[in-house]
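What follows is chain A paired twice: with chain B in the first complex and chain C in the second.
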Partner chain A sequence: MSDDGNDTTPDGSQGNGGIDGTDGTDWRGRGRSVLDRLVEASVFERVLISLAALVLSIAIGVVIILAAGRTATCESAATTYFGVGFCYDPFRVYDRLFLGALGNPINPLFDPLHGQFAAPFREGWTPFNPRLADTMTETTILVLTGLSVAVAFKAGIFNIGTQGQMVVGGLASTLAMLALAPLFSGVTATLVLLPIGLLVGALFGGLYGAIPGALKAYADANEVITTIMLNFVASLVALYLVREQFQDPDSFSTKTNDLPAGVEFPKLVYAPSDEFSVLAFVFVLLLTGATYYVLRYTSFGYDLRTSGLQPDAAEYGGVDAAKTIVASMTISGALAGVAGTVYVVLLYGYFQPGLPAYGFDGITVSILAGNNPLGVVPAAFLFGVLKSGAISIQTDPNVDIPIQLVGVLRGLIILFVAMPEFFRLIGKRANDLGGRSRDRTGGSGPVRSDGGVLGGEGDE
Partner chain B sequence: MTTAVHLDGITKRFPGVVANDDVDLPVERGTVHALLGENGAGKTTLMNVLYGLYSADEGRVIVDDVERHFDTPRDAIDAGIGMIHQHFMLVDPMTVAENVTLGSEPRKWGGLAVDRDAATRSVEDLCDRYGFDVPPEARIEDVSVGVQQRVEILKALYRGADTLILDEPTAVLTPQEVEDLFEVFDELTDQGKTIIFITHKLGEAMHAADEITVLRDGQNVGTVPADETTREQLAELMVGREVLLEVEKTPADPGDEVFAADGVTVRDERGIEVVSDVSLSVREGEVLGIAGVDGNGQSELVEALTGLRDPTSGRLSLAGDDVSEHSRRRRIEAGMAYIPEDRHEQGLVMDFDLVENGLLGSQHSPPYARRGRLSWNDARRHAEAIIDEYDVRPPNADARAGSLSGGNQQKFIVGREFARDPRFVVAMHPTRGVDIGSTEFIHEQLLGLRDRGAGVLLVSSQLDEVRGLSDRLAVMHDGEFMAVVDPAEVTEEEIGLLMAGERPGGVDEDAEPEPSTAQADGGER
Partner chain C sequence: MSEATADAGSDDSWLSMDNSRVLVVGSVAVALVVLFLAGTLFPDSTAGALVDILLLPSTWSSTLTLAVPIALAAVGGIFAEKSGVINIGLEGLLIISAFAAIFAADTTGSLWLGFGAGILASVLLAAVFAVVCIEFRANQIIAGLAIWLIALGFAPFAARIVYGGPNTASLSNSVPTVRNAGIPVVSPVFDSLAETSILGPFQALFRASPTVYLMFAVAILGWYVLNRTKFGMWVRASGENPKALDTSGVNVHRVRYAAVLLSGVFAGMGGAALSYNVGQFTGSGQTMVNGKGFIAIVAYLFGNYNPIGALLSTFLFTMLEAIQTPLQYAGIGVPRTLVQTLPYVGVIVVLALVGRTRIPAAAGDHYETGEDR
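On to the complex of A and B.
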């Protein structure tokens, strides 16, 4: 512990207790030390915490499923515990949710708990099954939106506009590829048109991200407000453009013309009917690595991270705050634009307004990953499993539970796994503000009993 | 003599630290007792135990020979203990009398209304009794900091305090106000009150106290009568080793002008002019000091010089080049180093380790960056060199900056800034909140840099520091330089008057009427 330590801890733990007595002092102190513990946690500990949160959320989910199963009416009980019948079987539900998303990889005879060490994988199971393809498609897009949010977060900017930037990128790249389609066909379409589409998506997504960036940097406009507003602008303008200008004449639904046949990510080992492409995923992994590299190994990344952690220190170190804000929002928007393009190419082959909320899921993915680009991949995979698993619950005739309840279970898992990271973010903020108040007192300890800690909480 | 307060074997633990370790502190009635120690020694914690803000894990609090248990400050106040915090807790738009009586106002009409006249009368009575010159009807926002402090003391006395605890009472005062405060101490002790004051300044403890208790690492390392000790002995008790208190300075050998500011005017966020037409010049191999009470425009001036704030007008030149329009980054690259006032917010990124912090300011310069790519190997070597040369502890480049003590954080900043081999250094409060041992070291380094030919601009509100290190000394008040003096010849009184906005000898070149606060203050004696 440092010299300052003596006074630091009381400074934090004292809180408001100083003025109006000591009531609540211990509570506050305990809350602070929990937050401090979270902030100090190593990567390994954080993974363990996440796993523990996952297990806990399932335990609570089991109780909820059983309770719901008691109140529901059904012809025959799905499961019976202690002589009481329940309409829903929690273990089958979670089995579907997780293993269904992977295409049932486990051999039913493999049961090490009961001494059955048969081959662990089910005969005939391959990783290249449609369910896992679904999971990985979701993962691919969520990695991109998660990265988009994470880059902005690292720069201290809360980009809620990933959704809108994704719409703009997806639409722009679709239109660009459609416009150039007559010039290419077959393999050249894949080799030339697709990269052009990705570039155009990145460009327009980036420009659309740069707008709130510039508004924040030069007009001090809160990015949370502007990005939310720009989300509406993006989806409504996209709706107008598609419906009024680029409507597919042969379709009753609001969509653009189909992209030419060659514009797709080669499926390689997956069946043509599956939407997932290993190549697309590899491309996304490369982007993840590149993002990590830029943040960690370049001067620009250093500027960006410093601005995100301590804007005053960044300015002190010669960082141009305004430029850094615009640049990081541009990168964030570009990643969202690529997400939009990949979504269009991978899933539909045309643009249809009203994209699913990948951009908003990206916020949770990023928080889940602690805003670390490398952590975004497993976080997005968890999301992918939950989404695709929900579908396999619905399609399984043996599991008859309401889709709403599945949504509750998914939400529970996400909430539990994201909360520790979320509190880490809060803890960091509180620490930073606590540190500031400490400094104002000339570094001489707990002078003011109503100092920065309170202010910190007010800010969150 | 009787014992007014006796803290007997107080131990107070916080998660991970022992803030007070079996501290014994008897205080005689009617005396001034100084509690001396470095930051983090546990002084404030100990006093918070006495004031009922914390409850001790072990030990007894004995007031007037009766053991007491204080759960809240209210209990302590009822037992005759009052505490004046470093930051005043006053309501600015309310009058002195209202503030003094706040929470226990005299009532009239059967308790329905506040009896303002009675409140004013009690405050007047208190002032008469203790010889305070405080106008009961004045608003807090209109009186000087020194007077505000007296209002805090009155608040405690009004609530029947016999023992007054003051936490770093001199930190916000000019030298004259400090003298006034110590006279108040005398007056109060004459009337049987007991005073405990917290300080980390040796001179004040020796000057104002009857007895001095030194805390180090939460332990009482000695209680000595003030007239039987020396500064050297106290410093050794505080730090635990022998300390060189006086800076050994060779005469300056100034060369060419390295930095000049001409007519710099700065407005703050609210548009108020906080620096008015200041010009200065620093030559190679000299230290120009700027003294002044905090908040007289020093921060804004320094930010304007270093490129963190746009001045309204003025020209700056560094080594002959006009740098008025240069960004912060270009100024760094042109050889300007800056030890900032606020190391937690500016000087270090608390969440970065020392390797990353060593890069701050050099993240675009070779060898640490080439064509936009960082070399973490070079950065690590750089950080390790700083840690080694400047004795940063713990000597671990992977340690988070926020985990270091204040002194070590400051040493790391100083090391990083000096490692640029700067032509011109701006050092703002370079030793604020830094222990004596590190202070000594930082002073040596600053002078060493000067002797190697750099120009140094030193801003500090600690008179000893600016006087000891500067070759020329400017005194700043209300956004202007009052005078530039020779620190070897000027007296503390003269500087004090300049800091308060008065030119000595009745010469007032300033035609403008000075803002009332500072003047009322200076003339108060």
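On to the complex of A and C.
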């Protein structure tokens, strides 16, 4: 698990990363400089790879949309290429997906390619439109789940359980706020009850994250498997609790009672009917900054990152590996629990089992961001656009492509980001013309002798 | 899966690993004996009801049927991981083949073609995984997750395009004819024997779907190929000591490709068998596969990379699932949704007890062949 594959691998040498433990004196100082150098060198490359992965996924998406358009049956072709009719027009799909999610900002008269220089923004478009509000709501939650995954991945732990931790945190905070509801009303509900809810969410999400952390630290149980299993357990138990114990007696659907009216993030500039709250987003941005600070500038963050990069060296240098694993899984789970609470408060005001797959999207967000907390924000916005754009697709009668397409894109993006070597190879081919070549085989020795590790030690 | 496996090769952890396995199997056995004694002495108690459930032919029949996709995927996973490529995308292979099998059987009208199409779809996806991991040196875990997520998105996407919903059409006319086919000649004879005797529970074995027999055959074949053939030796060497294999003139990459594709073949059989058993692919939520690919991984870890062991540990998990429905009917007062967590909790408990598995030394590592590319 020395490697989350997304951190700092400019030339594949990260596996052996220069800190070999042969000379233990002052490895920490040397380790830090190596780490810094790797990080500096790779940020630009990481951004490039993420962008390339995105473009490639969208391109493959075009092929899938066209192929699907040949398989489906429709009354009239949506588009025609090379004399062949297709049921779905990929450009209209992507137009809806990306521009629909922003509330159609582009002025139809704005067409610089054809010499039309009207105002770029459509008349009457404001950033405070309901579609963009929806996109930002999704972004707010995705930043949290993305952070949750990123913290664990940075420590070299594959937390696939953000989804389950989010369910547990969301349910626990809802129940806590409902239990305390009679004591508060109006403004005090916002000022006291909501923070309590967020804390309870973080606490229970954190505890649920600590379970697979402890299992990994003390029993060597593969956290990929345990977290996925715990996702199933969380959603089944949540279903049971809501249905059998905390069901809203006045509702036909399976849900808890409504939270009291005051429990909400004030909307500020957005319309009360929109779900997005600028305040919630600012809160999430503050959490992002805090996470970045802790990972980058505290000694705990340093231990966590070194454990992710070089578990053996970290342990040699005095890092308590087991404690670091449990701690990072707890933080990861706590962030997921906060995500669950924010989701409940922002979107519904009650808990309903069967949460959307924000946890799995968090994996993509984090991987796309190179597990960098600051990168999580733009990556989450991109996925917010995709998720909210999926709704624009559904509501547009001219585009009836199944929204599961977004799920396929999600998988493709992860796949491409996971294979930086592919893009390096392309880059190398292009660069070879210029005489610059990179010795790839030199960095990591062909055979690792320290024992492969399920779930890591990936050479990339 | 973790840094602590670095010392897993030592005798000490071998011992503790075997101990925990013995512990699990032993405690299950003791629990069963106690249960049977209690059940026989007090037939009206909860224990009595449980014993009745365990003796039901339908319990055994579900145990076997539920085991098919898990055990087949597990045997596939063993080959991939033994060769040094951890295939965490088994879940995705099951999903894609479960869909493709029904889709092809529905369009061609042939169950055989459908089964083949399921295998083909799984092999193609496994080939993508293999190229990404072996050629482009991707992190195997992340690539495996991607394979899972791609299939999780694609199968319901395709189902919606072809069938207008997340589920496919139902093959309820053709599939049930083979579901309880059993074995020619043997099964009818056994049926008459089992009528009255204590052989009842074994009746399930002789009235099973052909895929159940396929599962047994694949497990035995898998064991044989892995342990008794040259190819099996290459696969094991490729995971344990690729350098040595390379030195002896065998192409490590080629062996790994073969092993990963083989995992695609077996998982494809499993996925096709899964949707054939229901007669339909259901694609809402986590789809009908619902974590079976991940349970398969635990099954072969618990089975210590032995195909037969993986098969037996699969039964342990599917038995937990098989008793759910009869438990409901028996009126044992545990809510259904909570009983449904049993297999997942079982997996976690087992993994916690046998976590210190000795995985192949070079699993997860990329291997660069000696000559420069």
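The criterion applied here is as follows: the second predicted complex is superposed on the first by the 309 of 460 C-alpha atoms of A that agree within 3 Å, B and C clash if a C-alpha of one lies under 4 Å from a C-alpha of the other, contacts with A are read in each partner's own complex, and residues count from 1 in each chain.
Here is the rule we go by: a contact is a pair of C-beta atoms (placed from the backbone, for glycine too) under 8 Å apart; a residue touches a chain by one contact, two chains touch by 3 or more.
Computed from a predicted structure; not experimentally measured.
After overlaying the two complexes on the shared chain, residue contacts for A:E244 are found with chain C alone; chain B is out of touch.
By the touch criterion stated above, A:D312 is placed in contact with chain B and with chain C alike. Counting residues of chain A touched by each partner, chain B versus chain C, the larger count belongs to C. When the two complexes are overlaid on their common chain A, residue A:D320 makes contact with chain B while staying clear of chain C. In the superposition on chain A, A:L405 contacts chain C only, with no contact to chain B. In the superposition on chain A, contact is made by A:S299 with chain B only, not with chain C. Of the two partner chains, neither chain B nor chain C is touched by A:L199.
Contacts of A:I225 after superposition on the shared chain: chain C is touched, whereas chain B is not.
Chain A uses residues 1-6, 312, 315, 441, 444, 446-448 to touch chain B in one structure and chain C in the other. Chain contact summary for the complex, chain C toward chain A: residues 1-9, 81, 84, 86, 88, 128, 132, 136-143, 145-154, 156-158, 160-162, 241-243, 285, 290-291, 294, 297-298, 301, 335, 337-338, 340-341, 344-345, 347-348, 351-353, 355-357, 359-370, 372-373. On chain A, the positions that touch chain B within their shared complex are 1-10, 13-14, 17-22, 29, 33, 297-303, 306, 309-310, 312-320, 428, 431-432, 435-436, 438-439, 441-449. Note for the complex: chain B touches chain A at residues 14-17, 19, 38-45, 48, 52-55, 71-74, 85-87, 89, 167-168, 171, 200, 217-218, 308, 327-329, 331-333, 338, 340, 342-352, 356, 359-361, 363-364, 369, 372-374, 376, 402-408, 432-433, 435.
Interface of chain A with chain C (complex): residues 1-6, 12, 68, 71-72, 158, 160, 215-216, 219-226, 228-230, 232-233, 236-237, 239-240, 243-244, 311-312, 315, 321, 354, 360, 363-364, 367, 402, 404-412, 414-415, 417-419, 421-422, 425, 441, 444, 446-448, 450-460.
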